[in-house]
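For reference, chains read A, B, C, D and E in written order, and residue numbers begin at 1 within each chain.
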Amino acid sequence: MVNPILIIGITLGSAFLIGIVQAFRPRWTGWIFYPTLVFDFLASAVNLYGFLSGSIGKPIMVKIGGFPPPVGINLLVGKAEAALGTLIFAVALLGAYHWGRRGFPQPQGKIMVLFLLLALGAAGISFTGDFFNLFVFVEITSIASYGLVASSRREEALEAAFKYMVVGSISSTFILLGVVFLYKATGSLNMLDIGGKIAGGFSSQVLGLISLLILAGLLVELEVFPINGWALDIYQGADPVVVALLAGAAVKAFYLVYLKTASYLALPSFFKLSLIFGGGTYLVSQFFAWRQENARRLLGYSSVGQLGLLILAGGLLLSPSLPASSRAMVLAAVVLLILNHSFSKSSLFLLADNVKGEKLEDWKGVLSSSPVFRFSFTTSVFSVAGLPPFPGFWAKLLLVMAAARFSPWLVALILAGALAEVVYYFRFFYLVSLGDKKAEVGNNLLAPLVASLFLVGAVPLAYKMAADKLSLTLPGGVLVLLGLSLLVYLLGFSRLLQWLASLGLVAYGAYLLLPFLKADLSGFFLGLILAGAAVLLLATYPGAKNLSSSFYPAYLVVVFSMAGLVLSTTWFSLFVFWEIMSWASFLLINMGRGKKAAWIYAVLSAAGAYAMLGGISLLPSPYISSVKSPGPWLALLLSLGFLVKMATVPLHIWARDAYGESPDDFTPLLSGIMSKMGVFGSALVFLYVVINLSSRSSFNYLLGWAGVLTAFFMTLLAVFQEDLKKLLAYSSVAQVGYILLGLALFTPLGWTAALYHTVNHFFFKGLLFVAAAGIVYRVGTSYLPHMGGLIRRMPLTFFASLLAVIALAGVPPLSGFAGKWLLYTALIEKGWIFIAVVAFLASTLAFLYSFKILHAVFLGQLQEENCEVREVPIPVAVVEIILLIPLVVLGAFPRLILDPITRVLGKVTALGIPDLKYTKTLGVVSRLGHWNALFLMVFFAGAFILALIFFALTSARVKLVGQMDVGYSGEVPRSPEDLHFGYGMYDHFRRAVKWLIYPLATRVWRGIYEALGAVAEMGRRIYTGDTNTYAAYVIGISLLILLIFKG
Amino acid sequence: MWAKILYAFLTLIGGIAYGLLLGGISRKITARMQNRRGPTVWQNFIDLWKLFRKKTAISHGVMFYLAPMFRLVGGAGTFLLVPVVVGSPYLSNFSFGGDLIVLMYFMVLGCLGMALGAAESGHPHAPIGVTRGLSQMAGYELPFILSVIVLMVADKTATLEGIVRAQQGGILHWHLFTHPFAAAAAFISLLGMMTSYPFQVVLAPQEIAVGPPTEYSSTFLSYMFSGRSVFAVAKYLLFMNLFLGGASNLLWAFVKTFAIFLWPLFITNVFPRLRLEQSVLFFWTWPTFLGLVDLLRIYLVR
Amino acid sequence: MGKDKKYFLDEKPEKLTYGGVFRRINDWARARSLWVVAYGTGCGSIELRPTFTSRFDAERLGMRMVATPRQADVLIISGYLTVKTLKRVIRVYEQMQSPKYVVALGACPINGGMYYDSYNAINRLDLYLPVDVWITGCMPRPEAILAGFKRLQELIDSGRADGWKKYIDNLDRYRENQKKIIKNWKMPNYNW
Amino acid sequence: MRKWFALALLIVLGFFLAEIASSFPFGQEKWGVSKHYVDRGIEENRGANLVTSIVVNYRGFDTLGEVTVLFLAATALAFLLSTCRCRRKYRRWDASLILKTASETLYPLLILFGAYIFIHGHLTPGGGFQGGTVIASAVMLMLLSYFSFHPNHRALSTTEGLAGLAFVLIGFAGLVWGGSFLANNILPLGQWNRLFSAGVIPLIYVAVGFKVGAELSGLITDMLKATKEEE
Amino acid sequence: MAFFVSSILLILIGLYAVLVKRNIMKIVIGLSLMDTGVNLLIISLGFIRGRTAPIINTRDLLVNTSSKVVDPLPQALVLTAIVIGVAVTAVALSIVMLMYSKKKTLEIDEYKELKW
């Protein structure tokens, strides 16, 4: 145990000493400054460790002057204070190091004094047990802040400092008045004493007003909306290091003291006050940041928002009706939020210090400047936006679960804010990752790196805390695999090694998860994931590709999180893995060309995931089991996330570019397997929630329409798409629409169709995307009009693609037909005939783009620039062959898959097994019809070969001619470009369906985004930048608080 | 089994011959309608033989080479999946291979294969024709599907046998009369299927030089020719089974298919050509509306 | 022409034999199924329309117009030929599949007709292409054309219409003559 | 508009403040914790001035903070103005003879008076802060009179630093020998109402006096220097 | 009572300056005024009618002190508050000086660059 007074005393002494040394040997000041901070940090850390290990049982009480509490001043350092002290000095240390490396402004001794005393003031605020002493420390902090904010001596900094000073003076006046009135009312200044008196029944008619006066003062310092204009100005105008310290440390002390004060003064309306102001600030700030173009101000809005969330959590803590278990959850959430926000925000602000400009566009290209920058930035943004696996994510999870006990609207508020946060942070991320050029950034990156490493290091702690509170268990094997996946990053010097390691890891994962490969739904999907990932990983053979070093780790994380997802037994676990999967895939997509697509993907994923979380919070039990009499909203909320991943209309707007512009090596996984996780999730929702829905049939019907409209519209859009991968993207989404339709049928046959299609879609779409990757790798473009005639250069790929396309189109002898047959049979059996019509039409439209794929890429004229193109690389070719086999074999023997599916459905007692019989002549027999796959295959192959032989025997002399030897009205074609029909292939058809392909969804979503952005823009205008106005806000809001909550 | 295959083979030959004959008849009738004498009804056989025995042929590649076989096998397969005489062990061919859904998808196979061959020819007209054909297919499939689904739901079966059986017991049990709107829709879409005027923009010899097969010659062309003939017969048979109550013997099959054959023939000779988007939109409006009428009826009655 | 080697087949057509088991029936069928490539070179093409439509109805002879040389059997040189047109005619003719026949309409392909002294009219077509039937007149009426086709059918039936065979046999000589006229030979050597 | 709005706000605020204040009857006896100071102050500290006892001992920690605040302000001001050249035309010559003469006379007296005040902080009204302020006013007088008057900056810094350190060290001495920070039991308390009494209180107040004097002088000097033209 | 009213008025006057005045110096003056008002209010809160200052420099004050002196604690607090007020004013003035040196104006309207 270290006496906290030592921290304060020694720091003060050092400050005075620095003052002396500065006068004589300015260079030596650092020799006092840094050791002091280190000492402070270590001392606090030792205390914290003491508390955590239990060697310090109860809070440390320091009686200054030896007087017992009410008489003398005392410091009261408990677990929270010790933790906060550690945090403050850790952040201060980081900031000091950072500033020192950049060079303190001269005279440096003075700035060191200010810096030291700011940290000390913040620590003192949290340590003190006396109200007046609190005021003194508030003033120390404030004055040090004024000085530090102004320290860069830029105009903006001075302006911000002045505003802060005016507002801060008013707030401290409130605090001072409140404290003195409090003394007058209670006769004491000691917090514990007053708390004891109030808890003991002391009351006074003005006590409420007095407490509110103090709280209002503190709320000003806590930057609640709308009295936080000054704070935003500081974030924007002041030196980023100072801001890091203020936002990362000082404000947290105010937060702690706010909580302490509110709980000592214990008025019933405090929790409402906190909820309203915290929630309002949180939501409004996150929202106002949408259109912010200044990076620092954007971070400022975020900080304010996070504080709002903290205050809201504080409100929950203060609430008398919160059950004890929820209280523990909120406490854990608060700890994690503080930790998360302090480090991520310091990291971000210190990174901002390294970027030249303040505007968002000045950040363009910084991600490619240095790996350290990239790592720190990504980590910090992820954690500050509350994404897994960082503490913020667990905090949000805990907070939501606790708030759910309180009110669903609170959950909605938290999640809405979180979504808004994702929107602008990933807009930031998107702007930052734009640009090919490397931006000029400073190299003062150690401090942000350390901060982000802290965040990474805090992951296990956060997980443990959340797991304890939520009784959440994640499959250990999967966690090990996820950890190992991240280790692959360390092999970043060689892609080949990473590739080999990934293959090994997937094999190891398969070995590890082998016991779970049972004939049930999880086992079914697990098998798909593991086998699929292994095959698709093979095709990512790096060769001479320009892969990012984090490609393989992220790839593996996606794979194993999917494995964890399907093995989940609780909704929490499902959600956690879902989020991990989403965000790892976001990173992968962001590695591609479509940064904006990645942003949209991020936003919609987050929206879906948060909706899902909202749904989970409404569930009575976290276990994935039947839910008694759920409401339709619950079902909708739960399935929304899955629908987003399946890109169901109208949530599809991300899909085209995210698929089309993600790295070519990742797209097969994204389409072939990852989109199936949405299928898995929806299946769970259907099985456990929708099944008990009173309006089940109409819900299902609605989803059925959603599925079939997805299939229809995406197919239609695919027809007019001129980019190979985007075309395949649309096609993929359309196919998943069929799967959703099958699920929505909720009949054994429908599910059989859905599951069959799930597997089969992996085969052909995986194959097509792998082939596309190979083609793009060779040809260098995925723009269809630039290809053509590649059959001459890559016959194997053509053959593979041909079969895949036939399967995709669902034409009989190959495997694709089974899915269609089952689906239509199921549809007609169920009597969803209108849906059946649309589904039929959609699959007819699929022929259009099927032909387009084959023609525009492989047939027609070989373009001049592609004359030297070679066949795809050998690993890709191998994968093509591997994926080819099932297409043919399943075409002849669909029972190879149908039988396992029947067994899986046998486990799903809610559905039962499909009513299918198998006979020798009729093949598969349903209630409606029959289909003999083997016969068709044999007949087709036999007849074809017979005809071929006959032809070869009887035909005229066949001469293979050159590609431009065509009947061209007697003319000689000049170049292949003139002859190739590759652009606008369906322009005539487009004229017919123009009204159907109007991008309504995109327009609507963009309209919503723009409208909200415009509202945010308007709302932000309340921060006029005018000092008088800010002061008026402070007084007005304080009065409002007094008026509303005094009762 | 082998007998069945042999019989199917013979039926196939017969089907091709019948198809060629129908083609000749149509040329003759057209000529008569235009106040000409026209060629003999056997002209198509002569043409076929000439093409078959041409001395040289050119190929543009593997798919180009295989496409006529695709076309022939696709046409033949479609033909053989449709029972000529339901209940007859031999004349129902290979209809055990699949039901109506299978058939509708199998129909596409030949077209798709030929489309690929045409596309490989490298002649721009070929893919233009193919895309027109596919787009037009998207047009006429909608009313056709509507009516087919009407029948499937009404008869609670997806097999052609079942549908034919449901129409037994007199001429008024034919779906042509029990579901007149659906039948009308289907027969209108048959015009599109047969690429007869006014939906003939797919081939458009004057514009895109017969479109898809523009580079095909000689033996290749003869295969496609026979494939198309048998495919047409298959469609007539399908329509016969769907709407005209099937056939109880071969003679009825001839009569009914001939009747169906006359329908597009008479339309084609008196109409000009529509642009593609016009034909697609036409299919998506009037026939679709007709089909919907019956579909709604079925839906509500159920 | 180096670039064209990639895109055009530069290989001399093989010589063909004429005979076989089905020769009689083949010739019979060929004669009764003459597909004419719809390619008008001169004023004579205006006479082909009535020939093929209701008034004269060439279809009753089994003839029909086809849109592409690949599927055609007969090339009609319908009137005067210029140097410029000759290039196209040669290419069209060589793209047709054997057996194939050439019918020359009018006086111009025979001796230049009224354009005999023009700087660019071709005066003797059979120096450049093997003509099977000449139909004289300026222009020949549809009746004459039909008579010419009847003659062609007779020739085919009796196996005497073997211009296509001669052309391949004497390709080098024909090419020489063609290149004399067409100074600017911007075609592949062999027009498949 | 703005004025009326401000007035309205202020009226409401005034109403609230009045409501709170009026709940404490003016001039009535209402003891809280200070009853302890009043009743046992002499006994525990022997300082005649109870306010000083409170300021320096009972709530000495506040005073340490207060000193820190002042130190902070001086530091911040010195830091900010160290580069500020607010060049205004400034009088380059000294003040009038009367002022100069009076200042020269008063300067030592004022310093002496200031010292007296803080030395007697525990006995009479006043103390370190007041004394320091008086000293600073002496410096200010000189600055007003003489253009070339420059207090030694290093000396000021050293003084304030050492004085602050002394305060902290006295506190630590209390921690080491007296059991708690700023404990007033390490020196004999002496007799009531004597100069050498009240333990460490006079020592601390002397330190505070030095510190405040030096800081305020420095503050004024710095501000003045920033407005002067560069020499 | 007049003490309360006048000190609260002083606070309000100071705040009025902060809210309404467009000159930076006037705002700073307003803040100072407000501080003064607060200090006065604190002092008057500690006042007890008819009592003397809490300086025990005569023997009769030694006994039964609590019935003879006013509350010393507010006075001690005010001491601290005054010093803090001075410190804030000093820092404020230094910032104002810097601001003036940059823009050569003291109009608050000119300092609205940070907004929205």
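One rule holds in what follows: a residue touches a chain if its C-beta (ideal position, glycine included) is under 8 Å from a C-beta of that chain, and two chains touch if they have at least 3 such contacts.
Because the structure is predicted, anything quoted here is derived from the model rather than measured.
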item	value
Chains touching both subunit B and subunit E	A
Chains linked by the largest number of contacting C-beta pairs	A-B
Most centrally placed chain - per-chain CA mean versus overall CA mean	A
Between subunit A and subunit D, centroid-to-centroid distance (C-alpha), Å	55
Inter-chain centre distance, subunit C versus subunit E - centres from mean C-alpha coordinates, in Å	114
Between subunit D and subunit C, distance of the C-alpha-averaged centres to the nearest whole Å	120
Rounded Å distance, subunit B centre to subunit D centre (Cα mean)	106
Subunit C: positions in contact with at least two other chains	13, 16, 68, 70, 97, 192
Set of subunit D residues in contact with two or more other chains	2, 6, 9-10, 13, 17, 21, 24, 30-34, 37, 59, 62, 65-66, 69, 72-73, 76, 80
Contacts with 2+ other chains: residues of subunit A	132, 136, 139, 143, 146-147, 150, 153, 177, 181, 183-184, 189, 956-957, 959-961, 963-965, 967, 976, 1028, 1032, 1035
Interchain pairs in contact, sorted by label	A-B, A-C, A-D, A-E, B-C, D-E
Residues of subunit B touching subunit A in the complex	52-63, 65-66, 68-70, 72-73, 76-77, 80, 94, 96-102, 105-106, 108-109, 112, 115-116, 119-124, 127-128, 130-132, 134-135, 137-139, 141-142, 145-146, 149, 152-153, 156-159, 162, 209, 214-215, 218-220, 223, 275-278, 280-281, 284, 295, 298-299, 302
Interface residues, subunit C side, partner subunit B - complex	13, 16, 22, 25-26, 29-30, 32-33, 35, 53-54, 57, 59-62, 66-68, 70-71, 73, 97-99, 192
Interfacial residue positions of subunit A with respect to subunit B in the complex	789, 791-792, 795, 802, 806, 809-813, 817, 820-821, 824-825, 828, 831, 833-834, 836-837, 840-841, 844-845, 847-848, 850-852, 854-855, 859-861, 921-923, 926, 928-932, 935-936, 939-940, 943-944, 947-948, 951, 954-961, 963-968, 976, 979-981, 985-986, 988-989, 991-993
Residues on subunit A engaged by subunit E in the complex (per definition of touch)	132, 136, 139, 142-143, 146-147, 150, 153, 155-156, 158-163, 165-166, 169-170, 173, 176-177, 180-181, 183-184, 189, 229, 232-233, 236-237, 1020-1021, 1023-1028, 1031-1032, 1035
Subunit A residues within the subunit D interface of the complex	3, 5, 9, 12-13, 15-20, 22-24, 62-67, 70-73, 105-107, 110-111, 113-114, 117, 124, 132-133, 136-137, 139-140, 143-144, 146-147, 150-151, 153, 177, 181, 183-190, 193, 204-206, 209-210, 213, 1028, 1032, 1035-1036, 1038-1039, 1042-1043
